[in-house]
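So that you can tell them apart, the chains are marked A, B, C and D in the order they are listed, and the count of residues begins at 1 in each.
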Amino acid sequence: MKVACLRLALLAAVLALASATAGRAQEQGGRQAFEAKVVYCKTCHGLSGEGYRGYYPMPRLAGQQPKYLENQLRAFIERRRVNPVMFNVAHVLTPATLAALTAHFHNLNPPPLGGAPRDNVGLGRTIYEQGLPEANIAACSACHGPEAKGHEEIPRLAGQLYPYTVKSLTYWGRERGQGGVRDDTSAIMVVTTHNLDAAQISALAAYLAFLK
Amino acid sequence: MPIDARRTGGSRFGAAETLPPLAEGRRRAFHARSLLVVGAVGLTGAVTLGLAGFSSSAKAVPSFARQTGQPCATCHTAFPELTPMGRRFKLNGYTITGGTEPWEAPPIAAMVLPTFTKTKVQADTPPTNPDGYPIAHVNDNFIMQQASLFYGGKIFDNLGALAQGTYDKASQHTYLDNTDIRYTNTFNFGPLNALVGLNANNGPTVQDVWNTTPAWGFPYVAATLAPAFSPPLTQVENGWGGRTVGTGAYVFLNDMLYLEGAAYHNMSKGMLGTLGQTCPYNSDYIQNVNAWAAAAYPAVPGLPFPAWQPWSQNPQNYSLACSSSSLAYASPYWRVALEKNWGEHSLMIGAFGFYPEVLPGRVMGYGVDHYRDIGWDAQYQWINDVHAVTLKVTRISEMQNLEGTFAQGIATQFINAMGILNMYGVAPIPGNGPSNPINYLMSFKASGTYVWDRTISGSIGYFHVTGSHDYWQYGNALYNTFQTGAIYSNGNPSSAVGLPNSAGLIFDFAYMPFSKGGPELWPWANAKIGLSYTHYLSLYGGTANFDGNGIYYNGSSWRTHTATDNNTLFLYTWVAF
Amino acid sequence: MKTLRLAFLLWPALLAAASTLSFAEDRPPGPLPKPQLDAKIAYCKTCHGLSGQGFRGAYPMPRLAGQQPEYLEEQLRAFIERRRLHPLMQNVARALNPATLSAIAAHFKELNPKPLGGAPKDLIAAGKKIYEEGVPEKQIAPCASCHGPDARGDGAMPRLAGQLHDYTTQTLASWSKERGQDPLKPDSSAIMQPIAQGLTHEQAAAVAAYLGSLE
Amino acid sequence: MNAHTARSRIMKRTSAIVAVAVIAALAATPGQTQELPVRNCTWCHGPSAQGSGAAPRIAGQREQYLVSQLHAFHDRSRDNPASKQYMWGATARLSPEMARDFALYFSSLPAEAAEDGDTGLAALGKVIYEQGVPDANVVSCIVCHGPRGEGFEAIPRLGGMSHGYLKSRLEQWGQGYHASARPMPLVARTLSADEIEALASYLSFLK
């Protein structure tokens, strides 16, 4: 009992201090610590970064744009993007570790996890490549590129998990751009996510889920 | 066993005193031995008691392994000791499947049990019975103790059985050994889950699933050619197994509370014969009949049986001569147990009762003995991937209201005293009956078994028997000396002080090579190679010269009986397939 | 699901119909009501920047803020009529009726965010020179003569100030492949054609850098 | 003597009546398990499939998870000592159809929480479960197993499973058993003994 409380207190202390002190990873330094951190990420995000379907969908990180990843991790820390789990994960990362991690994941290229409904892949492709002007839905490809590989801060979408894309688009405004931060890039997507209906989101997410 | 032994022992009738005491001694030695085997130490329901003097055992039955697809170790720590799963397999009526179907491999299994027995000091006489194993020695006996054939498994649907047919080498006959037939079903009444079963078996506690009750208690195997002296046993221990039919019902509530009620009925002599349960006959009677009764009593019309015929030519003779006791009425048996399993632990506390109404020596007219056996037991098991520990403790207290035996004893004394010739050639009971009409007997057992990696087991057991003081029941050296005019060891339970009090330790080590799965060719095979040693701390209220008797050893040197003389080294190999 | 599938099947047909029919016929005349207009403008800004300042996506999305309405309207028509080839914008533009189009153009005209920037600064001086003096040896007139000294444009002449340098470079490089594609219906893009062709890559980059820095 | 005879008669009669009653009761129940021999499972997993001893609760477990585990036993990729001993044999002859039927049946049963962990450790377990220990590279369990430990598709339901089972699974992953069940071996490797204890405790109470 005592031991448990002590550990709990310690854990809480660690959590509180972590943002003020350098992360454990850096203190330990070295390749080994970094490798351990990579494995840690991959535990949830797939052993090749291909994503993983847990209770919550864990997004694909493989091939992701480093700048985007970095921005998102910062967004978690700054609570611009609300995700308690990723907040904890992100705030122990030192800038150097973070940069190395994003580079590592950018270089991975596993095949997509797949597993999306195939019925509406065609509609998804249309939305992605051309948008739905009548519905004020811009063509995704304009920013995310014809192959959905992303660019700088614009994320790669190809091969992203269907449920993750669906969830992200559906709850965009509730998760991202929080805390009144004005210059969060997520604002760009607000209108589009608002204009997409559930069927369109599903179609789009399905198309992206199979995209290599 | 003193009572039974007396009953079946030498007659005091007529020329009994002039008969060679050696024969009597043999007989008694044999009975004592069989009792040890059966009950006290007894293997499973083994059966036959003092009567026939054979013992048997059932173990990890390979057909169960085939039927369930499970290795022996799923149900057994060191077979036949059961794990919680083994208990549930049995409670479910042997109907769990998952392995081969009956039509692919019939639920038949076989077993052989070769043994080697060595006592610290050789017996006075070779352990055998008059028509039994012919080549037993006073010591160092190797014997293919028994061979068994099992039907073990599901019969159909929710009906299953374990039935064992055994050939016993020592007594050289084949009989129906442990048999347990069940029909089970499960019900849910709201939060209550009930496993309900109907059960038929052939001996009290044969149906029990814990290893604290006598039929399946420690030690699990014992020599049929055992030492001359062994402590007396309570009724529930000495095994009505094989000679009774028990029917009952049980319910196992919420995987925790076990309640059972059963009634045991006598088997007719005909049925006993059919099932191979030979009824020990009275040697005095046979000798009487063969030697002189025919001449002394020419055929007399109206006699219930032609006493003058050689006994072996008349089945009725045989039947009448059967000197084993029988159950006079349906005898109730009950059992309550609470088992709680948590994680790797299993704890059971329970109680059981058996109330045999015994007709001593099957002799009518003198009344019935009423027994009340109450047992308390507890068992703790800890089983994980590598280790298995089982601790067991059992205490059985028995009240003996020896109405029938006492009356027969008085009658026998009267007949002897008056020199009356009993026209049937049989005294009501041999001997004088008990000194007291009411006695008590208490049997305490505790044992612990440790099994490593499901393959190597070590056990230590302690047994302790106490009871009321009864000179005639437990032997009286002075009386023997006085009666016979010579000092013999008669091997009969003999106490210089008229007490049953005995104690001892049992050590057992065994190797079970196939517990985790048998050889490729026949993966269901099971084997146990074991060594056990029984050390007697005391026998019949004493340690040195406990029976007050002695013997001229090798015709010259004088020797008395010491408790430790009976210390027994026993080497056994169980092979089941 | 079924409707979705149906929509999907019908999609190519709709596209084909849209390209041959005038947009005005299947849409109500007049500008959209305010909420819908706002939605449409927000839609434009998804790509062209939340203040119309342009955006670098997979392609550079041009700045629309402060753009001349006449030019904007003309370009949107050019997309629709395939005089200017751009599959995405063709798709976007055909959903707009003239009144909406005007309203959008008017909206963007009023915006004046800072330039997105990002142009190489070392080219600005050379670009300014070309912008203001042209390239006489190649008979390239000063840009300022049409687009105005501050590059704000006028009427059909587009504003260039603050335009994304990469957009400008790309536009100049692909001018003849993208614009004036309907020989039966020549348009004002022909004016720029020789100029765009005459500029070397370096010169175009310099002008683009200069324009990208202009407010 | 007469008393005894009478008692014997009553006993015989009573036992006969009891026998008849029980047989009637047995015969009257619908054979709900005729086709699917669920007793082969409840034998060890408990009559209500709430788990018993080393055998985990399977009532209310995720259907897909149950199927996947039955296959893992069958192909012997789940090689924990207890799995090897009990489940390899039990599934050796299990057809995929029957595995599916068993999974469907048991997943439909109501689950009860074991509540057999250390209450004092549950709070710490909750922190680890929900947040992980990022400094020690311990991932949060909640992202896969859900806020109430309900699991997802083939990811097992953990809420209310017995402390002992959860503990031994985590320990055995750390020891290299059932290595194919990725990513759990990775997770288990990062957990300390105390953390495993705390997690298992917390989960045993989670409903």
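To be clear about the criterion, a contact is a pair of C-beta atoms (placed from the backbone, for glycine too) under 8 Å apart; a residue touches a chain by one contact, two chains touch by 3 or more.
Nothing here was measured: the structure is a model prediction, and the numbers come from that model.
Comparing each chain's Cα centroid with the centroid of every protein Cα atom identifies chain D as the most central. The greatest number of inter-chain C-beta pairs in contact is found between B-D.
Centre-to-centre separation between subunit A and subunit D, using Cα means, comes to 35 Å. In this assembly, the C-alpha centroid of subunit C lies 65 Å from the C-alpha centroid of subunit D. Subunit B and subunit D have centres, each the mean of its CA atoms, that are 40 Å apart.
Averaged C-alpha coordinates put the centre of subunit B at 105 Å from the centre of subunit C. Taken as a graph of touching chains, this assembly is arranged as a line, each chain contacting the next along an open chain of partners. Interface residues of subunit A facing subunit C in the complex, by the touch rule stated above, are 119-120, 122-123, 126, 130-131, 133-134, 136-139, 141-146, 151-152, 154, 187-189, 191-192, 195, 199, 203. Put simply, subunit B touches subunit D in their complex at residues 68-71, 73-74, 84-85, 88-89, 92, 95-100, 158, 183, 185-188, 193, 195-196, 198, 247-249, 254-255, 261-263, 328-330, 332, 341-344, 346, 357, 367-368, 383-386, 516. Within the complex formed with subunit B, the residues of subunit D that make contact are 1, 4-5, 7-8, 11-12, 15, 18-19, 22-23, 25-26, 29, 37, 39-40, 42-44, 46-48, 52-54, 81-82, 85-86, 89-90, 92-94, 116, 162-164.
Those residues of subunit D lying in contact with subunit A across their complex are 118, 120-121, 123-124, 127-128, 130-140, 142-147, 150-153, 155, 182-183, 186-187, 190, 194, 198.
Partner subunit D is touched in their complex by these residues of subunit A: 1, 3-5, 7-8, 11-12, 14-15, 18, 23-25, 36-37, 39-40, 42-44, 47, 52-56, 58, 84-85, 88-89, 91-92.
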